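Structures given as structure tokens follow.
Two complexes are shown next, each including subunit A; its partner changes from subunit B in the first to subunit C in the second.
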Partner chain A sequence: MLNIVVCIKQVPMVTELPWDEKSATLRRDLAAGMMNPACKHAVEAALQMKEKHGAVVTVLTMGPPVAEEVLREALAMGVDGGLLISDRLLAGSDTYATSFILAEAVRKACPQFDLILCGAYTSDSETAQVGPQMAEELNLPAAAYAENLEINGRTLRVRRLVDNFRETLEMEFPALVTVSMEKYSPRYASFRGLEEAFSDRDIFVFNAQDLGITPENLAGHGSRTKVRKVFIRKAQKQNVMITGAAASAAGEFLDRYQGMISAAIGKSIESKKKAVE
Partner chain B sequence: MKEKQKSIWVFGDYRNYYQNRVTLQLLSKAVDLARPMNAEVCAVVIGCDIDEWIMEYTAHGADRILAIDHPSLIGYSTEYYLSLVEQLVGQRDPDILLIGATDFGREFAPRLAKRLKTGLSADCVGLDITPEGLLVQIAPSFGGNMLAEIVTEKHRPQMATVRPGTFKEIPHNHERTAIVERLPLPDNLSAPRVRVVEYERAVEREHTIENASVIVCGGRGMGNRNNFKKLKELANLLGGDVGATRPVVYAGWADHGALVGQAGKHIKPKILFSFGISGAIQHTAGLGEANFIVAINKNPQATMMKMADVAISADAGDLLGSLIKELKKRIRE
Partner chain C sequence: MQFNPCLKHKLIRATTRNFAETQLAPIAAEIDQNRIFPHDAINKMKELNYFGLQAPKQYGGAALDSISAAIVVEEISRVCAAVGLCVTVHNGVAVYPLLQFASEAQKEKYLPKLASGSVIGAFSLTEANAGSDAGSVEMTAVKNGKDFVLNGTKIFVTNGGVCDVALIFALTSLPEKNLQSSVFIVESQLPGFLRGELEDLCGMRANPVSSLFLEDCRVPEDNLLGRLGDGMKIGLATLDNGRIGVAAQALGIAQGAMEAAVKYAKERQQFKKPIASQQTIQNYIADMATEIMAARLLLYRACELKDSGAAFGCEASMSKLYCSSVASRVTGLAVQIHGGYGYSKEYDVERYFRDAKVTEIYEGTSEIQRMVIARAILSQPIM
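So, the complex of A and B:
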């Protein structure tokens, strides 16, 4: 039976972004969380493989204790077990450190894995780096942005679109793949599943010590980058208002912005009438 | 004692050159960054029959080219490229390494950074250099609604992937010269573990909503499925894609793939048309990088109308019909 590990992340819901104006930082501790959308697609991909080939699927996440919620959600969708890595020591990790920590967790808790899946990117930091960097940590063949996965024995076939090229890749297990949001639309958790996920299913929680991670060895594997500041992008919008009947408003809009529209669409919509003056 | 020559490297990503000139844009920015540091700009070019790119990068600002040209490097193998660039960096110790945030670059760079035990920022939309030679990397987050200023203080090279279109290339100058070092293929390369079974250019220029330059988004204000379907006609006229809000996807008027916002796609079109969308934050979270927004709504007080460059106060369905009619006329002319 296949052994699949899916790495998922809890991201802040944008409706709930508590912004600290004074320090210009996001109060992540106060934000309500949800499962990152691409991670949800990765869970769906794992569940489809489980249905087709038989598999044990474990979800793995790192975050504050509340990140347990996304593990419960994945359990409700149908995965078999969840593992949370939670420790203040690990807070503020960049992708370099995060990929090390997740790889340590896989080595400790799921050393028999065949396949690791990740979402291709997260909706908060959007780096798309943790998956590829985990592949390096674990020295695995890997592919990013998978749209479709097929298993044949110990061979994994990945279809993807990169830079306008359609690629079909093959690699042997164990391997790591990040899943795009093109296919694998996630299923909804059933009410029954939710109930079970929150009642009698266990989630394992590891701290840094459980993984053998100390401040000393984190110095060697820890964050390389530092965020100096975060700021809101303030767009300068013209906010021109056009009113009137639909036909005249459409005409007025096109008259005023024909140059810009022509440039954006790569063909001219500029009225020739204007040239005759 | 002679000080080490400082250098800024740009990875030569040429696979999709005709659609994507990010390497040339990075060379131009590298020239800017190199000036105060008194650094050399170096392009790394790997592949088979790459003279074309060596000349191109020379003409666009490189002082030095490190080239590995070998028949076994045909195709674009991430694993070969990783081993080769890892070895080159190990030998020469550049200060900065810039890589285009193409799909290839965003898979290649994180793995390379891990091997080099250094930091990496993703999809930067700005770069700057401090007097001390620290690269300030501006990276977007939350769908471009926020920007983060990132530095790699202690580890080298300082690495960043940079969004195509962020910088302007230097005009082609065929009189420029560069030192071209043609390096042999090391004999310790192991065979890639990922096999490319099929590899073909997507038949048409693959249009994904994330890279569309015009997007026509529709919301509940379109009223019904038939009206919503007409958005496609406008999108076709403008060579764009159709996006949708969550209620519309739930109603079955559009596929999940068209969903724009927090739970869907983050878009960055040159022009966004927003028809009958009130502007709930779950949707607008995906619009942080839309360059120019045209909102059409009956309600001039809608959030979407307030965040637009142009707000047209009209029934979304009616205006859509008029706009299609008027556009057809003008395109025919």
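So, the complex of A and C:
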């Protein structure tokens, strides 16, 4: 039976991310959490493989104690076990530190894994780095942005869309794949599943010590990212009146906006402007 | 005493919200406008246990606690109150009285189908001359062999157009007693069970509310719920529970309306600044948020009381009275904040405003709730 580990992350459930501009961190306390959408697709991919080939699926997350919520949701969707890595020592980890910690957790808790799945990117920081970096830590073959997965014996066939090309890759287990949101539209958890995820199931919690992570060995794998500044991009609608005769107004309009219009429609409208003049 | 939501309640809210936002938000305005019962969305909800929220697992339900069930109704109603109504009536006043009063044989026969949603339930007390005055029911049930023969008309039956089973209140004659009401589990495919046209209502328009006509409808005596003459007892207990559901629904409508108003107030520019920067608008928002928070705590208090096994009728009435009046006020303010746009179908608050009103009317009007509450308070011994 296949042994699949899915790495998931809790992200804020908001359309505007509440960045604290002073500390350059997300104000996670301001918004309810949810499972990162791409991670949910990865869970769905694992569940479909479980249904087709038979598998034991374990979800793994690192975060504050409330991150347990996304593990319970995955249990309600149908995965078999949940692991939470939670420790103040690990707070504020960047992607480099996070991938090291997740890799250590996989080595300790799921050494027999065949496949690790991750969401291709997260809705809060969008680096898309943790999955590939984890593959490096564990020295695994990896593919990012997968839209379809097929298993044939010990071979995994991955179809992915990159730069408008669709390519198909094959790799042997054990492997790591990050899943995009093209396919594997996630199922909704049923209320029965949710009830049982809390009443009948256990989450296993690891701290840094359990994983053998100390301030010393973390120093070599610690966060290398320094966030210098965070700012919120402002979008503001504006009403603009162009007055005058139609021909000159049209000319002025094109003078001001032809660049933006060309960019939006993907081709130059330079010649159209000449025709108007 | 615990005022913070636990992880389970947070996750149930997030899961329901996700479903409502993705499956109901895109259709809510259209099904309201054209009075469409959304069968596709309802079928998805059946698979996710929306129709067996609190039914025990042995019958295929999700066995949720009452706060969880209230959160589900709240979150559905935050997006589409008419679907919230379908869910809360089915769970709160069809499944619940069967759990409380049905025989084992009746539970075995009906609960698995109701909990899976393959059978949709309705509760039918109201008649042309009997509403708040539940004792004035004119529907009759006359014993004939092994059947009761039912005759009469029920009106304003929520889920009436789609229900497969209705709990019907009818007058029965008891030996040595006056006429008393009893409750019958009536299957819609029985001969003599007829539905009226769908009502053209102010709000909750996607719910198929209709009349039910029973014409010499023969109901097997095995389908008597509880004992003969138990009608008033079953009715009052069921309404206590139903009021928690209507309170949750009203709260969800208020929450949805407030969120829409806050979003609009931040976007809408007048006098070269967002109207949210005007103190009057801020006062409206402060009042809305405060009342919604108070309403929510009152409702969850009633839920907790119910799950503890204590009497919860008075608290259910308080929740229903308060949540529904908050819904009316908040939706009114939400329309006001939207100005002229709020009065148009272009914005959802117009629908919320129409949907909110009936929460002050059905499952016992606000006036009846005050009567129930006052009775409970006045019957307490003086300290």
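Heads up, the rule we're going with is that the second predicted complex is superposed on the first by the 224 of 277 C-alpha atoms of A that agree within 3 Å, B and C clash if a C-alpha of one lies under 4 Å from a C-alpha of the other, contacts with A are read in each partner's own complex, and residues count from 1 in each chain.
Following the convention adopted for this analysis, contacts are C-beta pairs under 8 Å (C-beta built on N, C-alpha and C of every residue); 3 or more make two chains touch, one makes a residue touch a chain.
Quick caveat, the model's predicted, so the values are computed rather than measured.
Within the superposed three-chain model, A:73 lies in touch with subunit C and out of touch with subunit B [touch as defined at top]. Applying the stated contact rule after C-alpha superposition, one finds that A:13 touches each of subunit B and subunit C.
In the superposed model, A:32 makes contact with subunit C only, not with subunit B. In the superposed model, A:133 lies in contact with subunit B only, and not with subunit C. Looking at the shared chain after the overlay, A:192 reaches subunit C, while subunit B stays out of its contact range. The larger set of touched subunit A residues comes from B, when the choice is between subunit B and subunit C.
In the superposed model, A:143 makes contact with subunit B only, not with subunit C. Once chain A of one complex is fitted onto chain A of the other, the partner contacts of A:88 are absent, as it touches neither subunit B nor subunit C. Residue overlap on subunit A between its contacts with subunit B in one complex and with subunit C in the other: 13.
Subunit A contributes residues 13-15, 17, 26, 37, 94-96, 99, 123-130, 132-133, 135-137, 141-145, 157, 161-172, 181-182, 185, 223-233, 235, 237-247, 249-251, 253-254, 256-258, 260-261, 263-267, 269-272 to its touches with subunit B in the complex.
Taken together, the subunit B residues at the contact with subunit A in this complex read 15-16, 19-20, 102-104, 106-107, 109-111, 113-115, 117-123, 136, 139-155, 193-202, 205-206, 208, 213-214, 238-240, 256-257, 262-266, 270-271, 281-282, 285, 288, 292-294, 300, 306-315, 318-319, 321-323, 325-327, 330-331, 333. Of all residues in subunit C, those touching subunit A in their complex are 7-8, 10-15, 18-19, 44, 47-50, 52-53, 57, 61-64, 68, 72.
Residues of subunit A touching subunit C in their complex: 13, 32-34, 66, 68-69, 72-73, 76, 188-192, 194-195, 198.
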